[in-house]
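Quick one: this structure, given as structure tokens, is what I'll be asking you about.
Labels for the chains are A, B, C and D, by order of writing; each one numbers its residues from 1.
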Amino acid sequence: MAILKYIREKWQHLLHNEQLKHKIYVIIFESDTPAGKLFDVALIWFIVLSILVVIVESIQGWAAIIGPYLRVSEYIFTFFFTVEYVLRLYCSPHPRKYALSFFGVVDLLATLPLYIGWFFGAARYLLVIRTFRLIRVFRIFKLFNFLDEGQLLLRSLANSSRKIIVFFLFVLILVISIGTLMYMIEGQQPDTSFNNIPNSIYWAIVTMTTVGYGDITPETPLGRFLSAVVMLIGYTIIAVPTGIVSASMMREHRRREIMKCPHCGKDGHEEGAAYCKYCGGKLDK
Amino acid sequence: MAILKYIREKWQHLLHNEQLKHKIYVIIFESDTPAGKLFDVALIWFIVLSILVVIVESIQGWAAIIGPYLRVSEYIFTFFFTVEYVLRLYCSPHPRKYALSFFGVVDLLATLPLYIGWFFGAARYLLVIRTFRLIRVFRIFKLFNFLDEGQLLLRSLANSSRKIIVFFLFVLILVISIGTLMYMIEGQQPDTSFNNIPNSIYWAIVTMTTVGYGDITPETPLGRFLSAVVMLIGYTIIAVPTGIVSASMMREHRRREIMKCPHCGKDGHEEGAAYCKYCGGKLDK
Amino acid sequence: MAILKYIREKWQHLLHNEQLKHKIYVIIFESDTPAGKLFDVALIWFIVLSILVVIVESIQGWAAIIGPYLRVSEYIFTFFFTVEYVLRLYCSPHPRKYALSFFGVVDLLATLPLYIGWFFGAARYLLVIRTFRLIRVFRIFKLFNFLDEGQLLLRSLANSSRKIIVFFLFVLILVISIGTLMYMIEGQQPDTSFNNIPNSIYWAIVTMTTVGYGDITPETPLGRFLSAVVMLIGYTIIAVPTGIVSASMMREHRRREIMKCPHCGKDGHEEGAAYCKYCGGKLDK
Amino acid sequence: MAILKYIREKWQHLLHNEQLKHKIYVIIFESDTPAGKLFDVALIWFIVLSILVVIVESIQGWAAIIGPYLRVSEYIFTFFFTVEYVLRLYCSPHPRKYALSFFGVVDLLATLPLYIGWFFGAARYLLVIRTFRLIRVFRIFKLFNFLDEGQLLLRSLANSSRKIIVFFLFVLILVISIGTLMYMIEGQQPDTSFNNIPNSIYWAIVTMTTVGYGDITPETPLGRFLSAVVMLIGYTIIAVPTGIVSASMMREHRRREIMKCPHCGKDGHEEGAAYCKYCGGKLDK
């Protein structure tokens, strides 16, 4: 009784230990301290290795040979990621928000399979477990946070996202109408792959993006003529996103050149910066 | 007799009721009033839903299951689009011009199938009706009107349309001569797919646009060599439309930057604007 | 005897009638006079129609049905192009140079088949005649002369031709080494399509240009890994020609903007022009 | 005994004959002297010819016919490249570094097959010899050194290499997660080609780079929908490397324009040049 009360007290204490929370928060979410850096590096390695394990596991021949090693690695990874998940929940100022976020759900689902196996027996829920295990791969998106220039790249894409979305709607309208037209033309052929409109739209996308699998191809002269037109359209409008992104990147470059420090000449200052981050001189802006 | 005269009089009155015509015109063609906005939103939804129905109908397995729901939705859509068609004809200042325009013909043909079924019996004209029903999908082009930036994009393409047409003629000349050359080389092979010049031209387009279905591929060493050359040509001249559109977009951007308001600093003013649409200050231009 | 002498004299006279030569020269090579314009339009139509005839002839089913019409059209085309060939030879200041040029050879070979048939009997030399007839298609390149902006486009490509050639050599080196590497990896497989280095190089080109026919695909894991690398290389270096051409076009645009007439504001002046071709004002340059 | 001592002395003398070393060094590594230019031209020809021989040898039918000629050419090439290898080792200031470099290893391995055949009998080590012979093709990379503008092109790529690497990591993350998702969706199908994650990743790369072999294609509606999304993503983000390289090339061009000589107007000066290389005038920089 007393021991339960003791645990409960400790638990309450831990739950409200803001100092400890802050310490862990700094380690997990920031990378300025040596401990934070170490955690980041360990996290990257654990993610990369656990993804490699999932990939290797999927190869039928290999799984049999290196199965035992994989099982050991699974214990290690599950332990590490369980601790990480609990700590994140613990030190996050908005634990509920984290738990319901994309990474919160992925982290939870990806650590579950081992526990499910323990409690309910692995054999029964094999398919569910297998799928849950695959979910781990989506932890890979966490690596985006470690790509500094990648975020610049994403911001460059985000800057022109409105235009890209409009372009996609534009392509969608084209693709639906072309797909239907092709269904009208080729749909009457016996044994055709254009047997319904969704398949025809799929074909139109395959063709217009110049992927060209060749799993669905027109047979009639009219169908071939239309598909030649579609290819030429796709070949030309591929220029549109390129133009959008190129123009956006060029402007970014020019903006950065303008933000060259007048004292030391270095550029690459963040937007809104007032002082040079290299020599401390005032930026013209 | 009297009743017929009464109807006729009303009809004449309606036909020349300019005030009513103007009211409906504002609702259908403009979107500044609440009613006009409501009409626009309803139109978008009805178009999107009716297209989804056409697409779903084309899937053999599904049509059987959700057939009854589709039939009900067909009555609703036909009613809505019939009313829309009649109102457009009624309030348009040039009804004949509308009736003969692309959308006028599509609107008419797309509402017909149900009525044909009623008057003549659906079974007889099944194929015609089916094709007419598919025509509905082309209403999707109406959605272009609601994409503000899409029109900017189209204008950007239209600005360089002369160059793009020249580029297409250029590609056409290349593709015809390459197709003929390939027909000379591969046309003698037994069981070849290069069995006539149109097919060879189709192959040349598939190859030069880097689509590469693989339904027609060269077999002889010389044919493979030529097709490698064609690929490299296609790989290089894809740069031309990209260059055209990129350059056009960049100039548009620069032009817009120049049109920055000297009072509030905002840009994005329409071409020919004399006053800033944000602060009312005079634009330099 | 006297008649022969008479013909000979007339012939000599004709051969040295510089005034007539000049008149025909103006009609054929220039398009400022009404006769010259008429000749150009007739030439374009005759070329387009004769190419259409060659294309239609190659379709097995059709040739039987519309054969008689094709035969008649053949007489007309052969007559027209024979006259054109003779006149060109006659009025050209360097007839030998024309006769040995690309178009001179094409014009000669393309008019021959009918005459060969007359003199030697068509049945014997069927294959030769068929091939000669196909040569007509290459007259299509004459149409380039009528595409004003096309020449601008070609000049833009020619401006960066050195860089594009270097890029091609670069791609050639990559493709030969990748093809050999792939031959090492996949060449030992039974029934592989990588059965010699030229085929492997062909595969490398198909892959790097993102055409991707799928007629030759890797089977081994290592082969698939290498081909994934090749695809990513191709996906990235496609940016190089685009960058070259884009940059070249942008400079051309800027140069043309600079050459804006200071009097009337119009641009588009030829390189080296000193006076505005619209208002006659002096250009800054 | 005396003769051995004599050879040894001569050898020692040769090994430390710095003057001779320098002479050979100038011939091999520089191309300003006539002898150096001759060596360069001979090297280019020998490399190109030896590569052609390797390519021709791989064609089963041809090897039998022109085998004797190939054997003779092999003696000549092996002699030339052996001498080249020894001279390079001899005159290089850091022979060990050369021997362990990429070209050092390729040069050694590529000259070995003939000697192995002599000492051990060709029949036994046929496969090894065949592979070694193929290694010769990688000498092709030496040709890069002779492409002046190619190095400019490489530098332009290298300038934006950081961004391109980030882009590749970005693509890698996308491709791994998409491959896994596709394995979840299509992996349960019987006889599917998505039978493990590496194959699914291979498919994702084939699709996203718009290569589209068609050796692995989705069968389920959901799989087709996902692959359509992947194609559209690939179609859009192909713009990113293009934008990166275009922007980099444009800046290079602008930088070079700025470096125009104020005296003679010519541009194209090397970075850091202080005087015009055409007229000797001082550059503004």
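Quick note on the criterion: a contact is a pair of C-beta atoms (placed from the backbone, for glycine too) under 8 Å apart; a residue touches a chain by one contact, two chains touch by 3 or more.
Only a predicted model underlies this, so the values are computations on that prediction, with no experimental measurement involved.
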item: Pair exhibiting more inter-chain C-beta contacts, A-B or B-D; value: A-B
item: Same vs different contact residues, subunit A with subunit D, by half of numbers used; value: different
item: Intercentroid distance (Cα basis), subunit D paired with subunit B, Å; value: 47
item: Euclidean distance of C-alpha centroids - subunit A vs subunit B, Å; value: 33
item: Residue list for subunit A, restricted to those that touch at least two other chains; value: 167, 198, 201, 210-214, 238, 242-244, 246, 250
item: Category of the chain touch graph - line, ring, star, complete, other; value: complete
item: Of subunit C, residues touching subunit B in the complex; value: 51, 54-55, 58-60, 131, 134, 137-138, 140-141, 143-144, 147, 149-150, 153, 156-157, 164, 167-168, 171, 198-199, 201-202, 205-206, 209-215, 238, 241-242, 244-246, 248-250, 253
item: Touching residues (chain side subunit B, partner subunit D) in the complex; value: 210-214, 242, 246
item: Subunit A - residues contacting subunit B, complex; value: 162-163, 166-167, 169-170, 173, 176-177, 180, 183-184, 187, 195-198, 201, 207, 210-214, 217, 221, 224-225, 227-228, 231-232, 234-240, 242-244, 246-247, 250-251
